[in-house]
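Note that the chains are named A, B, C and D in the order they appear, and that numbering of residues resets to 1 at the start of each chain.
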Amino acid sequence: MSSNSIGKIFSFSTWGESHGKAIGCLIDGVPSNIELNEKDIQPYLDLRKPGQSKYTTQRKEDDKVEILSGVFEGKTTGHPISLIIYNNDQRSKDYSDIKDKFRPGHADFTYWKKYGIRDYRGGGRSSARETAMRVAAGAVARKVIWKKIDNKVKITGALIQIGKSKINYDNWNEGNIHKNDFFCPDEKIIPIWQDLITQARKDGSSLGAIIEVRASGIPAGLGEPIYDKLDSDIAKALMTINAVKGVEIGNGFGSVNENGKTNVDEMSIKDGKPAFLSNNNGGILGGISSGQDIICRFVVKPTSSISTERKTIDINLQETTISTKGRHDPCVGIRAVPVGEAMIATTIADHILRFL
Amino acid sequence: MSSNSIGKIFSFSTWGESHGKAIGCLIDGVPSNIELNEKDIQPYLDLRKPGQSKYTTQRKEDDKVEILSGVFEGKTTGHPISLIIYNNDQRSKDYSDIKDKFRPGHADFTYWKKYGIRDYRGGGRSSARETAMRVAAGAVARKVIWKKIDNKVKITGALIQIGKSKINYDNWNEGNIHKNDFFCPDEKIIPIWQDLITQARKDGSSLGAIIEVRASGIPAGLGEPIYDKLDSDIAKALMTINAVKGVEIGNGFGSVNENGKTNVDEMSIKDGKPAFLSNNNGGILGGISSGQDIICRFVVKPTSSISTERKTIDINLQETTISTKGRHDPCVGIRAVPVGEAMIATTIADHILRFL
Amino acid sequence: MSSNSIGKIFSFSTWGESHGKAIGCLIDGVPSNIELNEKDIQPYLDLRKPGQSKYTTQRKEDDKVEILSGVFEGKTTGHPISLIIYNNDQRSKDYSDIKDKFRPGHADFTYWKKYGIRDYRGGGRSSARETAMRVAAGAVARKVIWKKIDNKVKITGALIQIGKSKINYDNWNEGNIHKNDFFCPDEKIIPIWQDLITQARKDGSSLGAIIEVRASGIPAGLGEPIYDKLDSDIAKALMTINAVKGVEIGNGFGSVNENGKTNVDEMSIKDGKPAFLSNNNGGILGGISSGQDIICRFVVKPTSSISTERKTIDINLQETTISTKGRHDPCVGIRAVPVGEAMIATTIADHILRFL
Amino acid sequence: MSSNSIGKIFSFSTWGESHGKAIGCLIDGVPSNIELNEKDIQPYLDLRKPGQSKYTTQRKEDDKVEILSGVFEGKTTGHPISLIIYNNDQRSKDYSDIKDKFRPGHADFTYWKKYGIRDYRGGGRSSARETAMRVAAGAVARKVIWKKIDNKVKITGALIQIGKSKINYDNWNEGNIHKNDFFCPDEKIIPIWQDLITQARKDGSSLGAIIEVRASGIPAGLGEPIYDKLDSDIAKALMTINAVKGVEIGNGFGSVNENGKTNVDEMSIKDGKPAFLSNNNGGILGGISSGQDIICRFVVKPTSSISTERKTIDINLQETTISTKGRHDPCVGIRAVPVGEAMIATTIADHILRFL
């Protein structure tokens, strides 16, 4: 019932604040006898951690994960897996300039209305730092999926749009995704995106982005009518990510440009097995996976912390202004790619354990 | 834990198949001492029920709801409220032509893969007929909201796009919504939509649609970090509706066309109270309501049941074709408007009871 | 989350009041393709229904169950199973004498404190009439268990004590249980119990009872550490039954009379398989089934509705007295036997579906 | 959904093994703005920790708790509270003698059957060491209760029976409970219990015990019909404690010795308020608190780890014998007293947050 938990069988809970002692994740429902150690998790964290390129924040966090429980002699025991990452620098820097102000576009005002207290250091609980633990949970989820289904299952996120600049799908090359600073499958667009980010920084502004996640090798039958449909659980999971304002499956909002004849995915038999002639539905029909690739997208709004001065108010209900110093992501959507991947992995792992 | 239930405090479960004896809804978590009878629910059902205009299906269902429990002497008792609607005509017509075929775009294939059995009569459990009970639950949710917050709270759905034809927001007149067959706030677009629907029918095709739901009068503070955010619960709730393929909040996917300067909702003080200079975030910040109007949209794909012949396969894995006879909605998005409203109402009621 | 629901995978919810239109049960999590019809359920209901002997209440209820959903062509579909029993006589008799009084020992006072409203007709929601639907759920649970494990699994309840009169375990004959009016395995004690009940009626009083439920054929491995142990779920399930005030597993409270040497269940190998030399732990070790018979007991307090006048108060906080007219059970524990059996069946079915 | 979690609103999850790096607890649902630091929790842990008297185990664990999240500037923030206790000595001693043997009466055999792997060092996850974190959660629960209700609420556990030796209730003096090594309210029985423990040790055996927990100052109205009754949640909570085999409320199993006339708690008006003339129902009617003291008891079986040799088998299905060396509790029921208290505190806190 905890609102800091997600998942029914494969479930995880996160805890911790951006400037507290540590952040952590408690994963339950992992079957026993799966090989697991920190090396299975760390590479995914390294993809998300700050300071990896000049196009993301320059802050430094090692994000070294430690497994505290649930693994014995290198294998999962079926008991809860507790993960911890100590925060490098938990000493509060000088927050006096923002201590009493609500940063617009952030959760500052709403947390204050809800709780009457807030940890103003870097957003506290509402900081995107929390998403590091989702990435860790996602790494464990992949191990579950590979054990239960097949280690050829792939869950891959990619950045497909920054600002108004969208990739050309014809240039999609999955091999490119981890060869640039943007998780971008279209190498031709990289110079444009580099310029966009550089310009946004100069302007004291920021940019939004769209991420696409594809999962291949997923069997038909995942998802639970009526209210735990695979797509509704995916929508929820992605919408919990900081700054996400929209989610779509398959053709998504583009469906409205199709008609019944063009949008229906016709079926045939191929090699003696059911096959589809298209995948407008993104691999999910009636809330249940069809065996096709699962395809979904989500949009991340432009980073709200910008260096340009904006109007706001303070906790004494006085009007004031604020501008964000420090080294924020000019496009927080970039580092959201491994987070989106992770949320799809945990959602699929959860439904696999419900179904098998 | 039932996957046919949604909500934590205000929770409801639905049951029943399109051609079974009845469909029903079990609502729990309704506080005691709220006046409630069938007349509070029926008007909402009448908005959704088939056969109301020539632009929706011509089937006939009375959709008369009956309260079986949880109300005593006209008031709720705090105990579960059981609602039932008997299906007018549960006798199976001749389904021999579709009994063994999978209708493409529907859940037929995936249900068969998951369950190994399916009620082929009109989709059985996967039929949109189930959404009638959501509308009923939404009516009860409104009573809860009005009692707990204020009876000036309004939750209003509107159709804003059919196919590629989108309303002009400048023509938005809420008073129009219930004066046409499309739940449309822009009266000028009505003739165009009438033509679109008529043409789609002639073409043996169908159209998609986008619905916008706005909730006003909602207090700040609703939503539970991190995984029961108000927007993630809304995303899940809307994505459970049949044929929905995308959900967005505030600017949604349009956020990607903004930048940090234009997208942030600046704050000021108005009449001594916190105020926002814009509502790009759709009334939700950090997953918690800000006190502004909550604004969300969802897309409904073109109806999959069309009279044009499509390729498909049957349960014996033979290739075949199918075309849908009968009187299906040419644009199922129209009747989805009251359903979307209802899902927002139940989600908000749930979060109000968690918060207050 | 509904508090009128129990179970995680095999879960059911009940609804309805003793004198409302109907009572019902919504079961979710039943796997598809299990044969099920009303005849699988009715015999269990007939064991619990009132008016079966002169030692229980003389009220008449047919308790005819009807399946409204979730079954197609005689088999379960994997979708929610809605069951309904219409109340024979929902017209309110004259309740003016008890309308405003709190019956001591009942939930009248506490419901009034909690809800500020109560259905005073026969206890409303707090009536033991609700347990009919548990018995129905239990019948469905048995079908699940038999399908998933083995149709030789047996779950058998028996009355082992009325008042201070306890059976002699040496006389235990399971074949007797359904041959007398008390679900008693010891035929020698029947005349004594008949006299006890007759005397309690004459005295305007009532008697308590202890029920034992045994489940055989249950595999090792059911139960989930740490907080969903099989025995803790059994304890909860049995304690939800009206008038139950204690639950124990295996030696239970008698364990305190043993010591470490005598109480430990030693192990050996028999026919090449693990075997136990005793079953003091009632088939559950560390919250997980051991493969031995599961043995548990619960106590039902003496019926609170008696014809002897008792002191109480009314809703106007005036002192008064009350005595119960009408035909109440002199020992409500008798009809609790099939209810206890059912709760064990549903709990085991739930854990089987979690484990397999 | 995690089976390592308990509670719906005030919920907590525990993790960790007896000989792993650490054990921990994640508490969610704690309202904001409650003063909390380690000093609020440590005293309760000190009551449970080993090595406090010669009548319990001589092992040494500091059990120093650390708060890792959810508290800011000395106050709760409304976000998850992560607690950790590092295990003093996580190096494995030589377990070769028990590595492959199933200790009878323990979870060794059942964990092996369920998971196919087990942490054999001191029981791993099934060790009573896990209960330390329950005690910590209980301390936080008390702060919630005191804040929400009244700091005069008291939840007090006491040992009332060791082996066959039961206290005399006439000698009950609450002030004695923390003045002896047994949490015993009856000082006269102390010498007898000292002899019993000493003798059990000499005999290479162990003893069972019964604990009573009373909660006073609890308002009427806590508990949720039908399946989250206060007493069924208490039964579940207590039955999750290691070695507990029975739970009862009020008169409990003793109810069977009463009759309807004597067992009903008659009501009157005292000082203008509802009052009861007795408390046979232990403060709970129809599953809802009545405003009287809540009284419950649970039995802890004799410690299964004894130095006398017992028959058992090993993982190769060979018969063997086992005797427990080391410093085990001769009566594990003693240290279960603060654990039982804690489980009542967390259960009550959970229901208070649901009700208020």
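A few comments on the model shown:
Going forward, contacts are C-beta pairs under 8 Å (C-beta built on N, C-alpha and C of every residue); 3 or more make two chains touch, one makes a residue touch a chain.
Keep in mind it's a predicted model, so treat the numbers as computed, not measured.
Considering the contact criterion stated above, the chains in touch with chain A and with chain B alike are C, D. Across the two interfaces under comparison, A-C and C-D, the one joined by more C-beta contacts turns out to be C-D. On a Cα centroid basis, the chain most remote from chain D in this structure is B. Distance from the chain A centre to the chain C centre is 47 Å, each centre being the mean of its Cα atoms. Note on chain placement: the centre of chain A and the centre of chain D lie 39 Å apart, centres being C-alpha means. Our note on geometry: chain C versus chain D, Cα centroid distance of 27 Å, whole angstroms.
Residue positions of chain A with contacts to 2 or more other chains are 1, 3-5, 8, 14, 79, 114, 125, 225. Put simply, chain D touches chain A in their complex at residues 1-5, 7-9, 11, 13-17, 20-24, 26, 28-29, 32-33, 68-70, 72, 75, 77-82, 114-119, 124-125.
Partner chain A is touched in their complex by these residues of chain B: 1, 3-6, 8, 14, 102, 104-111, 113-114, 125-126, 130, 161-164, 200, 203-210, 220-221, 223-229, 231-240, 242, 245-253, 255-261, 263-269, 272-274, 277, 280-282, 284-291, 299-306, 308, 310-313, 317-319, 355. Contact residues on chain B toward chain D in their complex (touch as defined above): 1, 79, 225.
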